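Here is the structure we will look at.
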Amino acid sequence: MTSVDTPAVSRATWWRLLLRDRFACVAVVILLLVAVSALIGPLLLGDLAVKQNLRAVNRPPFSLDDGWAFLLGSDSLGRSLLARLIVASRTTLSVAVPAVVVSLVVGSIWGMWAGYHRGWRENVSMRVADVILSFPSLLLAVVVLYVFSPSAGNIVLVLAIARIPIYLRAARAESAELQSRLFVDAARTFGTKSWAIIARHVAPTVLPTLFTVATLDFCFVMLTESSLSFLGIGIQPPDMSWGLMVAQGRQVLQSAWWIAVFPGLAIVVTTVSATVLASWARLAMDPGQRWRLTLPRSRRKIKEVRA
Amino acid sequence: SVANSGPEPKASGAAANTVRIVLPEEPPTLEPCDASLTATGRVTRANITEALTERDPSTGQLQPALATEWKQDSPTEWTFTLRKGVKFHDGTTFDAKAAAFTIDRAVGAKVDCNVNGYVFGGIKLTATAVDDATLKVKTAKPDPILPLRLSFVEIVPATTSATGKVREPVGTGPYKIAKWDAGRSLRLERFTGYWGKAPEFASAEYVWRGEGSIRAAMVKSDEADLAVGLAPEDGAGDSAVQFPNNETSYLRIDAAKPPLNDLRVRQAINYAIDKDGLVASVFAGLGKPAGQLVPEGVTGHSTAIQPWPFDMAQAKKLIAEAKAAGVPTDTAITIIGRNGIYPKAAEAMEVVQNSLNEAGLSVKIQMLDVNAWLEYLLRPFPKDAGPTLLQAQHGNQAGDAAFTMGQIYGSKGAQSSFGTPELDDLISAGEQASGEERQTAFAKALDYQNKDVVRDAVMAHMTGILALSKKVTYKPNAATNDEMRLAEMHPAG
Amino acid sequence: MSESNGSPVLEVDRLSVDIRTPAGTVRAVREVSFSVRSGETLALLGESGCGKSMTAQAIVGLLDPVAHVAGGAVRLDGTDVLTLSPAQRRRLAGPGLSIVFQDALTALNPVQTVGAQLAEPFRIHERLSRRAARQRAVELMERVGIPEPAARVGAYPHQFSGGMRQRLLIALAMALHPKVLLADEPTTALDVTVQAQIMELLRELRTEQQTALILITHDLAVVAEQADHVAVMYAGDIVETGRVADVFARPRHPYTQGLLDSVPAEVARGTTLKSIPGSPPDLHSIPSGCAFRARCPMASDVCAEERPVLVEAGPGRLSACHHWRELTDD
Amino acid sequence: MLTFLRRRITSSAIPLVVVILGVFYLARLTGDPSNLYLPLSATPEMRAEFAARHGFDQPLLVQFGDYLAQVFRLDFGESLRTAEPAADAVLRAFPATLQLAGATMILAILGAIVVGSWAAYRPNSLADRVASFTSTTAASMPDFWFAIMGVLVFAVALGWLPTSGTEGAAAWVLPVLTLLIRPFGVLVQVVRGAMVTALSAPYIKVARSKGAGELRVVFGHALRNAAPPALTVAGDLTVGLVNGAVVVETIFGWPGIGKLMITSILQRDFAVLQAAVLVTAITIFALNIIIDACYALLDSRVRQGVTT
Amino acid sequence: MTEPATPALATKESAVPLLDVAGLSKTFHVARGPSGRNRLRALDGVDLRLERGETLGLVGESGCGKSTLARVLLMLERPDQGQVRFEGTDPFALRGKELLQWRRRVQMVFQDPFASLNARLCAEDIIAEPWRTHRDLVPAKERGKRVAELLEMVGLRASDVRRYPQEFSGGQRQRLGIARALALEPDVIVCDEPVSALDLSVQAQVLNLLTDLQARLGVSYVFISHDLSVVRHVADRVSVMYLGRIVETGPTKQVFDQPRHPYTAALMSAAPVLDVTSGARRDRILLKGEVPSPLDPPSGCRFRTRCWKAQDICAQEAPPLEPSGDEPRHAAACHFPLQEPATR
């Protein structure tokens, strides 16, 4: 927008910081892979993923006897696990990402607002959070099933509402502390509106912690989503999600471990990648810590010996 | 396993004399008049309490229990002669008053007795004690199978609350409740004053675990002697024992709504389902493809009915014909499934969906939890539901088709969404008949249903699995799910 | 102002400090050397940003992780502290080398009572009991003029005004009677009356405990009153050293000269103050030769070619200027 | 401090009523329980009788009024499912949950403090990588894997631990471990983040300038400053556990509140559900008050703000 | 529309002072201290006037309430009593556009250069921050250039725009704060210790800059400092504070040369002087006693506990701030004002 709005570190520098960090690079590659499979997976493999073969059920993984599609084995209806994994990524992400993002965005904005203004706004917000927290979220889910139609939007809604207090409370606590800082006072003297102060001064400090929590929430939401399926408001077969695959595979964990383990692994790997990226971003976005990412490896060793 | 450090109860002598059973769920209550509920009945029935009569699950014959004999005085009147010298666990004597009290309590509406609806379903009856050992029971309408129905009424002493349910009942059974540590375990002990043969185990300890694989693991690690309600995948290994569990899985076709109101479509559905494939893959070979809801050994079973053959070509042809005749075969049909109704319930429905779509229908699945599913199972049905196929399972505990036909196929039946007057007539004829006649009448009704109504697609008679440790011998039978007699368990060797 | 003889207690020998920045490593302190004797005060003067705080932090070994010592030696009583193991250094921190940080307002832990923080050196080094250490803390607070110390040991830092916090930090640094005390602008947050008290306190410490004091300040008046020697820094280099009276009376480096000229004292309201034109060089691109030459009125060709080194410029004085002789003339 | 407590407790009263009202109302939206409690072939009359007996035929508001009146008399109604007083069921299950949650959180917090601080000590170092990676991997694993694999390995194959149950200390190991991994992983990340900030604060340098050892610096100085965000998150994680750990309770046969709540929702056992929610809500409210008090204990600035 | 901050505009209504503060009081609630009280009177009936183009020096002991006064002037704290009038209007009553306009015209340099800069913003973002609210002040295209100008004005380099506060030294940070306050081209700047961490040369540059702005644009300053020589150089008038009250106010020269209040005299004499030649130390008025706790201030005259002239009346009556000599603008709040120049 303006020269002031351009990032303090140019895009090239971000790339350099990212490339310096091997773990973060791997994480980015994995997340991109997942995103790509969510985007085009269902187009390419949609049919393969639902094609049953009752004569070839529970084929173990890592064998090419049945073709590459069965590299990760087949499930209890003889469908290609690999294809299902890829196709399921779309549903999984289209539920988990909005749910986490909605709860993160709503919770953190609300929390920062409440903490910034203190007073009754803070009190009311915290009590609302208490109410949501003490409310059994499953009940909410069941009610949604009964009163509204079970749709992806409603699933996201239920999951998001249940998670909002987590972010609300954390954001409120930090924001309440930050609003008394001198640099916030300084911003006030320019006539900066409270929302702008929240966006400029409060959010950058508060968000890293929340991002950390949010990335770990991913797996939580993915798994919770599957439990809604059992009440009839989650993903319904023949649609598939990783959570649902894990949950169904749970029954056969002992006889055909791969049916539950691969989707579970997909969840773990995605979540861990997101966390790795989040902790990289935490360092990269904090000017006080960013230099740590610029250390070449050898240098770091020397420093450690000395310290 | 030598190194096991699991909870080893008390002295090893006592341990050896206790049978440890792990159930899928805690009995919500031990109330005898709820004994028709699986979770309650399998602990209570024939262990803590007993009924006047009992049905032999292998032969289907009715045997004397607390009643030694009975006779029908008139179509609506029965006389029971009761066993003498029977004592309740609290020391009171069992007599006709207790029996009459129990029957009143069960059919009176003060206590929401599950038995009341389950076996009597609105039939009015009065019981009177003639003397200590004689009981007279009158029914409002003729009821040829009253003694069978009474095998579900577990006798309690007259001191039992007539207005509320009791969690820990007193009965006449071979075991009495020693300690119910709610939430954790339930311990039964041999009742020394039992009238019959003393059972071999001095006590029984029930615990409950929701996860099948844990139940199986408990038997393997010698924390339990017997685990019930297992699925093939639970990993019971050598200790697994299979038994036909009296249940039959089927799809109820909502024949009132298009396109399912067309007979050809319903027939096509039956042709399209590959029952053998289903049993072989999804049910892991456990179960037997079936053509009717009533299994062998139940009065009314028709030997004429064979499972529908898997014939996709025929199914496609029928659908095409129906379509040509203007039946809206593209209308979306919903399979209403219930999670956990039997192992791999969702997968089974996916197989069905796959086949039906291939046959030319348009089918989607909705898997529900029990209560939501019940809305579809029972009247009044949800108004705005389109054409549905309901995933269901039926078990006839009583061994008489009367317990199946009316409620499932009768046009007013609680679970019936469709019926025909002809079928209704055939069913009521069966209900009135007795003896050999009853068998033929019900079989005729079933044949008719299968040929001309095709209200459902029966899939398979199911097989149950339990795990049994080497320390205990027990032969499960068709009734095991609902009635697990401790007296039939014996220490091995 | 005790004049002690003998060898210096602290010798800084060609100390260099590098900082890692996104644009590469820069040298913030360049081969700085100086020394102090027990009971003496050395004032470190210089343009803001010239590396005074860095030098001080490098001496006590508490640089931010972005910065590290790139060379040189810091000898306390003859031993190079930079080569010591971390544990050995820790033993010196407090009784040997002690520092008052510039950033006084945030240097106290907000969640601990000041009593606990003041008592900590005693608990660590003298292994005193909680009670005894607390007693010593009270004494310390009393020494730096905190009213009602016994009642306030249990208070938290935010309950003290800026000036009081500064005094607490000085108390902390003095707690174990260090051999060398580095004070980084210890009185900037204080009003003159308190400043006078603090200076008095530091003076006592010096005379009683023979502590050597390295005082970083911008206040030439304070330097004049307190210090024996002065070292003037510019862009990471020491450009002039000597006795305070000599340096102030006859500076032998144009930068020192410029500083002295900028004193606002007695100048009438409204007049323009004299200041050195231009600004110090960027650390990323320190020019060859003399770093000051761009702003120097006396700069000549030689200044651009040769980096001036400290040379004897009179008795007990050093100057890093090619033209120091020209300055003595006027 | 006392005024603070008093104010917090009174201000929690309204939300509490909101929770009960909400649960009461929503529960009744989930459908008619008679299907579940009457036999499949029950007649319409039986259903009507059932509804009348339990008051389900009344207008919702009347039902709620009656319920509140009952609650004031400390009568929480009777379970439809088990026919025992709802309060009994809840008070039996709740201690089990609390014990489990307590043990888990104590271990998770202690572990996270150690591992998180270790990771934060040198951000981006190998130690940091290893700690973060393992803890997040563990935390994102589906919990029943962990549980079932734990049973198969430690109970069935090795025989070191019982598969399930509540008897003896050994029975706690697997449930606590299973519950632990997620809070532990989350907390490690949060502690690490907060510690990175705290360790770069100026007072840390001052502490080092006193000759404080690294342990003292990390645990004596930085930790308390890093505690508030960790405390908030730990509080929410505890709330999650107090609300019940269904998977663990189901798998290990732990008679806790989570399973009770789920069962009563699925079984439309309203009285038990309401009593359970009431008890957990009160606990959660109390927990939040305790957490706020902890903030105040940790940081005198909060304490001061509270009294203004 | 932005009104250009021209001297013409500023002098239009010179009957009304630019800033007029009367009877300002501010109480903080704090945790109960040793004295058992929890109300801290940081300001107690402060009167202040600031004319256009004038510099008012504010000196006083640490903790006497200078920063609090500054914060009230900037509307960061709401006073319990008293009024603030800016060109005759109460800024606390302003809303919306008018408030924004007022905010642009009054700026502050904060005392603590470490805490008043957000460590997550680089120098450019910090200085340009005010323009993100006052969008029409500097066109977006020119902001980069203007930031560079401001940086150079305060003696930093234009190449420092991408550096973060923690990469600057203490003095450099202080200059960032000054540059930020200048960004809005305000009419009034409240400077709270703006040059304490600067070396003399840079300090001279900054002071010259401030004087220059005043001469060119008619900017007015409230200048808070411990450094009396600086105050003496920049201020037209000086007010001396003690424990939340103004004890003396008057033209700089008079207050410095002929202090009337004993506290002022003590303050003046405590200042170190740069007297390189003699090296001798002056006699100082040494204040006896300890600074009273603001939680429990003495009755009557606040200074009486440490005053060598105190008598009974000082404990009973608080002396009003009124002129005592021939110069009507030189007022002191003392029952026994000093007449002759303080001892040297």
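Note that the chains take the letters A, B, C, D and E in the order they are written out, and that residue 1 is the start of every chain.
By our rule, a contact is a pair of C-beta atoms (placed from the backbone, for glycine too) under 8 Å apart; a residue touches a chain by one contact, two chains touch by 3 or more.
In UniProt terms the chains read A, D = ABC transporter permease; C, E = ABC transporter ATP-binding protein.
This one's a predicted model, so the numbers in the text were calculated from it and none came from an experiment.
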Query: Going only through chains that touch each other, what is the minimum step count from subunit C to subunit D?
result: 1
Most distant chain from subunit E by Cα centroid: B
Query: Among the chains, which one keeps its Cα centre farthest from the Cα centre of subunit C?
result: B
Query: When A-C is set beside A-D, which has more C-beta pairs in contact?
result: A-D
Subunit A and subunit D, separation of their C-alpha mean positions in angstrom: 22
Query: From the C-alpha centre of subunit B to that of subunit D, how far is it in Å?
result: 38
Between subunit C and subunit B, distance of the C-alpha-averaged centres to the nearest whole Å: 90
- prompt: Measuring from the mean C-alpha position of subunit A to the mean C-alpha position of subunit E, what distance in angstrom results?
  reply: 50
Query: So which stretches of subunit A touch two or more other chains?
result: 9, 142, 146, 231, 253-254, 288, 292, 295, 307
Message: Quick check: what residues of subunit B touch more than one other chain, meaning two or more?
response: 213, 369, 372
Field: Interface hub residues of subunit C, defined as touching at least two other chains
entry: 21-22, 64-65, 86, 103, 106, 159
Query: For subunit A, which residues are in contact with subunit B within the complex?
result: 50, 52, 54-55, 57, 76-78, 142, 145-146, 150, 229-232, 236-238, 248, 251-256
- prompt: Within the complex, which stretch of subunit D touches subunit C?
  reply: 200-203, 205-214, 216, 221, 224-225, 298-301, 304
- prompt: Considering the complex alone, what residue numbers of subunit D touch subunit A?
  reply: 11-12, 14-15, 18-19, 22-23, 26-27, 29-31, 122-125, 129, 132-133, 136-137, 139-145, 148-149, 152, 182, 185-186, 189-190, 192-194, 196, 200, 228-229, 232-233, 235-236, 239, 243, 261-262, 265-266, 273, 277, 280-281, 284-285, 288, 295
Field: Residues of subunit C touching subunit A in the complex
entry: 20-22, 65-66, 68, 86
- prompt: Hey, which residues of subunit C end up touching subunit D in the complex?
  reply: 57, 60, 62, 64-65, 86, 90-95, 98-99, 101, 103, 106-112, 120-121, 124-125, 156, 158-159, 169, 172-173, 175
